[in-house]
Amino acid sequence: MGKLLVKDKDIVVPGEVMAEGLDFLPGGNTRREDDKIIANGVGIVNISNKIIKLIPTNGGYIPKRDDVVVGTIVEINNKGWMVDIKLPFRAMITLKDGSSDYIQRGADLTKYYDLGDLVMAKICNVASNGLLDLTMREPKLNKLENGRLIEVSPMKVPRIIGKKASMITIVKEKTNCRISVGQNGLIWVSGDPKGINVAIKAIEKIDKESHKSGLTEEIEKFLDEQLKLM
Amino acid sequence: MILSKEFRKQIIKSLDEDYRLNKRKKADFRDINIEVGCLSKAEGSAKVTIGKTVVIAGIKFNLEKPYPDTADKGGIMVNTELLPLSDPDFESGPPSINSIELARVTDRTVRESGVLDFKKLCVEEGVKAWFVAIDIVPLNNDGNLFDAAALAAVAALYNAKFPTVTEAGTIDYKKLTKEGLPLKGFPTLVTVRKIGDHLILDPTKAEEKFTDARLSIASLDKDTLCALQKGGEKTFKLEEISKALDLALAKGEDLRKVLKGVCK
Amino acid sequence: MVFKRKDNRKQDEARPITAKVGVIDNAKGSAYFKIGDTEAYAAVYGPRDIYPRFLKNPQKGLLRCHYNMLPFSGMGDRVRPGPSRRSKEISMVTNKAFEPVVMLEKFPNSGVDVYIELTETDAGSRCAGICAASMALADAGIPMKDLVVAVAMGTIGKEVLVDLDYSEEAFEGEEVADIPFAVIPRTGEVSLLQMDGIISKKLMDEVLKKVMPAVEKIHKIQVDAIKAKYGVKK
């Protein structure tokens, strides 16, 4: 038994009771107290099956121009591609930014990026209404294929990349993987299956232990150990 | 804020085409708004908004003994505090040299212009005179606090009303008289900034960071200067100073119109 | 005899309130809270790096609240700028008011600074500051279990009054108590309580009974202000 007190996409504030009853499970940015699910911040309600989570409207990641983000193509229309970057902001790749090739109006856009494709894009404009313009026109921006996607808190991204990319470079080199880190917390890992597994484990470890100092050395050791085991 | 060579290159490139970050021209000010009488506990007040920069000025009167060398005069004191509330780069603590410079430049703009007749503030020579404290703080800093502070100070002075003085000689702040300060003229301050070879007015915070040198110019009318202050690490060529003065005097007139519209 | 309040205010009525978030562009989160003639701005910066470094805590973040009255904020003499013993104490109790709700463990090694500036004061300034800070912290996306609601309760003679103004605080001729509360609205837990004045235990019990209705009204205003930013109508 349970009672839902909010709807999907509602805005809630800290302390707001979103559901009562043990039917529901607390997702990100929420907590359970007794039989209530309560908001831990200002956010947008997201209900999936019985999990209630909050997408923070502020706090984690604030999209800025030139940020590189990873996202999924969720809609294609005559203006371009709508991308889900797991934030309460709408992001769009317009025709002119889809590729360094010139894309004609009316062309078959799925030939470039199809629904469900993962892309690495760059934010070229943040409009005042929250709409993000993305571009794919630079060399390192492309469709991400043959790999796995993981999600971390955007706040942990700098730690995962490390000073002068030191941390992520160690992970890449030891596992022989290509890794694309989006500022929005989505990370793409591609390579041979063993390498991918170890890389993801390492990234998750950094996420959990980001506050520790000497983490870089620890991760190096961890990678060595894990690769031996595989 | 990260200072990057690329960003600076971009700014200078757009200035080469007289096109700034928000489609402004080099001598354009952002939208200015002045609201007076916004602080209910101050005897005079003004809130100035230039683009996203917001500055408030509050005036407090006090009766004090005049200075011995100016026994027949009252005076002003200008104080500014760069509130950490308004800018992540401002730190708590005693006034920084930037805060002091801002206060002193605003002070000179008001004092040297003669806008306020200090003799008329005298109540009893050598014994008692009115001293006006002008406190100015930013609520949000998006650049050009100098010019905003000066506008706020003058607008607040025009908004101010004397408090009543009781029979016993104490001040009753709760009852304001209808009498304003003895003011004449509308001094304005325009700060010209140099980036590369370009002179610009009213920078945003980002543009301010790339300033090589600045010159604050206070004026009374389109021909008369009343204060100057150069800041910044680099130099101005003599011709640049003359050009800067022209820019500031012309823009000073525009600001004067805005002030007059608000100060009755 | 019933104490007559200014503007025909009822005993359980707070002064008119205006609340707004997102008022300071540079800040991560910010808010404005005006109650009667007391006006407070709050700005939140962080989570961000902490200086001095030795304050960094790998297990939890550091919350620092800074309360300040601006020189032109009081009816009367100019207030000398700079921290006073009073403002330091208020900063400290304000901090304590938020510690039970701000989830410090979510931002270890970092700090969150809350700057509270009073532009106008007519009693209840620390409460107005806390109400503003509460909205600003939420606006900044700082993880917190609940908002914090503060209200200046008080008593004059045998009457309990909600939100004392300056004239009431300074009232002479009867016993006055000035009792600021900060409350966690969902649970009714008290995170700030101070008292100046004289009050009997019996009257204090009455005050305790009348706090929550006052808190609930102010809470609703805070919630509406936060949601209004996202276009949610009241």
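Letters A, B and C name the chains as they come in the text, with residue numbers starting at 1 for each one.
Heads up, the rule we're going with is that a residue touches a chain if its C-beta (ideal position, glycine included) is under 8 Å from a C-beta of that chain, and two chains touch if they have at least 3 such contacts.
In this text the structure is predicted, and so the values were computed from the model without any measurement.
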Measuring between Cα centroids, what's the chain most distant from chain C? A
Chain pair with the greatest number of C-beta contact pairs: B-C
So which chain ends up in the middle if you average the CA atoms? C
If you average the Cα atoms of chain B and of chain C to get two centres, how far apart are those centres in Å? 32
Using mean C-alpha positions as chain centres, tell me how far chain A is from chain B in Å, no decimals. 46
Taking the mean of the CA coordinates per chain, how far is chain A from chain C in Å? 37
Residue ranges of chain A touching at least 2 other chains are none
For the complex, which residues does chain B have touching chain C? 39-42, 45, 52, 54, 56, 58-60, 62, 79, 81, 83-88, 92, 94, 133, 135, 137, 139-142, 173-174
In the complex, go through chain C and note every residue touching chain B. 23-27, 37, 41-43, 45, 48, 66, 68, 70-78, 81-82, 113, 115-117, 119-122
Flag every residue of chain C that touches chain A in the complex, lowest number first. 28-29, 47, 58-59, 101, 103, 107-109, 138-147, 184-186, 222-223, 226-227, 230, 232
How about chain A: which of its residues touch chain C in the complex? 11, 13-17, 29, 31, 38, 40-42, 56-60, 155, 211-213
